[in-house]
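Going in written order, the chains are labelled A, B and C, and every chain counts its residues from 1.
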Amino acid sequence: MTTLKQGTRVERWTPASRLAIGVVMIVAAGLALAPAFLGAGAVDRLTTLFIYVMLAAMWNALAGFGGLVSVGQQVFFGLGAYFAIRLADAGINPYLSLPISALIVGAISLPLSVLMLRLRGGEFAIGMWVISALTHMLVNLDTLVQGETGTSLISLNAYAMEDRRAFIYWLALASMLALLGMLFVLLRSRVGAAIQAIRDSEEAAASLGVRVVGTKRLLFVLAAVGVGMAGALWLATAVTFQPKTYFSVQWTAYMIFMVLVGGIGTFEGAILGAVIFFLIETWFGGTGVWYLVGLGVVAVLFSLLLPKGIWGEIERRWGLRLLPVGYRVVLPPDAGPAPSSSTNTKPDREA
Amino acid sequence: MLNSIIQGILLGGYYALIASGLSFMFSVMRIINLAHGSLAVVAAYALWVLAEKFGIHPFLGLLIVLPAMGLIGWALQRFVLERSIRSGALLPILTTFGLAIVIDNLLFEQFGADTRSLAPYIGSLSYDAFELPGGFYVGQLAVLTFAVAVVMLGGLQAMLSFTPLGRAIRAIAEDPDTAGLVGINASRVNALATGLAMITVGVAGAFLAMRATFDAYAGAPQLLFAFEAAVIGGAGSVWGTLIGGIVLGLAQALGAQIAPQGFLIGGHAVFLAVLFARLFIPGLGFSARVRSLFRRST
Amino acid sequence: MTLLVEALDVRHGQLQAVRDVTFSVAKGETVALVGANGAGKTTLLRAIAGAHPSKGGRVLLDDQDITHVPAHRRVGMGVALVPEGRRLFAQMTVEENLLLGRFAGRAGDWTVERVMAAFPNLEKRLHAKAGTLSGGEQQATAIGRALMSNPDVLLLDEVSLGLSPLVVDRVYASLEGLMEGGTTIVLVEQDLTRAMAVADRVLCMLEGRIVLAGPTSELTRDQVTEAYFGLHRQQGAA
């Protein structure tokens, strides 16, 4: 029987993570001030980056933390945009209709989760895709949308271009930070421990009293709100709404790419993946079909050769964890290396 | 109305055809192959190229395409899926999804946006009809598709029930660890099973191309149909897949009676209804049925 | 066929289940592996069968190193394991389970008929689903399935587990023929009396190590019991 040495303590923060949080705050402040210094194109691109980060973080939350791989998240993306259109059409301020739309999407995802969370693995994945296809069709039936011709967020035109651009930028930045912040808090809370437990062994977790379905539902709804907000923001930047674009499975493809490359199940990985995707899109996005083929090939290669993603590998090799979402046991100086836990592990561990 | 029902049932034959490979692979290897539909489209294009460029009749073309599909399936399992599943049960979903994207877009790159069809190459089969008593007409192609589906499913069931390979496949599906202890090379058997699954996909692709038009991105809808048929039928049982296909076909045909978009909406709605029903009737599920896999009919 | 296990180290997750185990089994010998639960017996057997990877050491079959040979190929080489808990394919019939044993393609005398002769209680259950069998019938089927691969080395993991004494008697009676017939057998058995009654040699494991080994004729029950519970260690401890 080993006993705990004197002077052992459990910590959450490491020097690296303190530094990281500091950097994050500075970067966030810098980004907030960016529109004052950057040109129109750059502001637009950054807005797009924020949207990508949101998508990656949300898909990662669902798949990496919840173990729920969904090939149908585009349903929330499309609905986020759709409800924004509908709300604006009903007379609500177009800027306001964006977050409200996201909340509506979240509300809808709740009953949907009752049905969908009964499914496992691949069933859940394709099941969500079916939901997406069905929703797409139903949205097409709305006369306001005019089928595939689509419509636009017309009321947005009432605002001047520069103001619009800046405001949507800040809204996107705020949404991204809010969602990331929520995730961070979640992971550090009791729910975070529940997530880790569920990931390691659902049965064991349930036997300990962890509310497995409730936790998954929380992640499901959060992801829905996040992706819905992303869709609404995309609408705000693109102004036009063609169902085919928003409900396209392409969005899930992007999300999968970002998370696979960045690191599934790691908070930092999702952000990294989004940045990488953003860069690749900036450089190669114009090459049409080969761009997509390239994305697919990279995704396949990563899933076969580097399933933990870049950040996952970094974490594995150097134990670097920037965000304090786990616990560390700090042993007194004369002891050996300490074990540490983290919510950042791969989603499916073999028993 | 009766006409719709007949059409729906026959359509179900096609759905059973395309669902069989997906459901087979899931039952044996616990892998949902998201590239399933795209691979069917690959077969369709292959047959089209053989017909268009070399004048080979699609049915003859199958003699070339089906073995090729079998080989593709074998390679897919050995080099991609087997590796992928080692990293976790969910990885193959991502891998096959990536594969689907690659396949779809490569096809688009190669063949462009035009829709194709095998109908011009099969003569009058695409529109000939049998006349039934009561004045109904059923397409000969539709009947052939249904018949092929039944034969193929029957063959699959027979293989599983009576051959050593079939026993090995069932053993691996039930308990892969112990199967190894009994001397079964799981890797080899799984590769063969995937090869078989891909052959069914090839057949399905052929019939898809004969009864309808297809393009580079037609894979996704086919995947969804296959999945829906498999789930409705409570896949895990070979004949369940046939039933699932028929129900889906019926739902679509009857939905189309109500509204033009009703075709697809009807299918999705019935799928969701079955999913919903499972909330109250356990044991109807995809995974639950796997336990009663390939039951030998008493 | 001789089996030689040399300095075998096997881990079970984080736990070192088998530590530096060395022993050999001569052709036709019956060796009993005894020890408390968790001593490492099942892990050792599984490692010999190839179902469990080893971290160090070697397994040699007739001087051939099979340490890194996968399980299904070891069956082809003549090592068959009857796993703990039977592990039959419940959805398949008895006959199908037996026929699966042929998959390794080894030539030999064992056929379905011969298995029926060895385990007469299976005859009328030949076409029943394995999941519907009683404990004794399942055990017979599991042994029969292993025999169908015509093994040279038969590994039996706790064949008496969950069975009533009478049924266990019957199982062991059927095994008698095998034991006398020259098959090399390594069996794990919780019942010490029975183990010592059938085996030529006894190996006692404790916490992953072999703490006692010797021919049955030279060992007393008390000696084995002591080793089983690790009592011999405590006598030497401070």
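Here is the rule we go by: a contact is a pair of C-beta atoms (placed from the backbone, for glycine too) under 8 Å apart; a residue touches a chain by one contact, two chains touch by 3 or more.
All of these numbers come straight from a predicted model, not from anything done at the bench.
In this assembly, the chain whose C-alpha centre lies farthest from chain B is C.
Chain closest to the overall centre, judged by the mean of its C-alpha atoms against the mean of all protein C-alpha atoms: B. Each chain gets one centre point, the mean of its Cα atoms, and the points for chain B and chain C are 44 Å apart.
Look at where the CA atoms of chain A average out and do the same for chain C: the two points lie 51 Å apart.
One finds 33 Å separating the Cα centroids of chain A and chain B. Multi-chain contact residues of chain C (touching two or more other chains): none found. Across the complex, chain B meets chain A through its residues 26, 30-32, 34, 80, 83-84, 87-95, 97-102, 105-106, 108-109, 220-221, 223-224, 227-228, 231, 261, 264-265, 268-269, 271-272, 275-276, 278-279, 285-287.
The touching residues of chain B, counted against chain C in their complex, run 164, 167-168, 170-171, 174-175, 177-186, 291-296. Against chain B, the residues of chain C that register as touching in their complex are 49-51, 70-73, 75-76, 80-81, 83, 87, 89-93, 96, 99-105, 145-146, 149.
The residues of chain A lying in touch with chain B in their complex are 63, 67, 69, 71, 114-115, 118-123, 125-127, 129-131, 133-134, 137-138, 140-141, 249, 252-253, 256-257, 260, 289-290, 292-293, 295-297, 299-300, 303-304, 307, 346-350.
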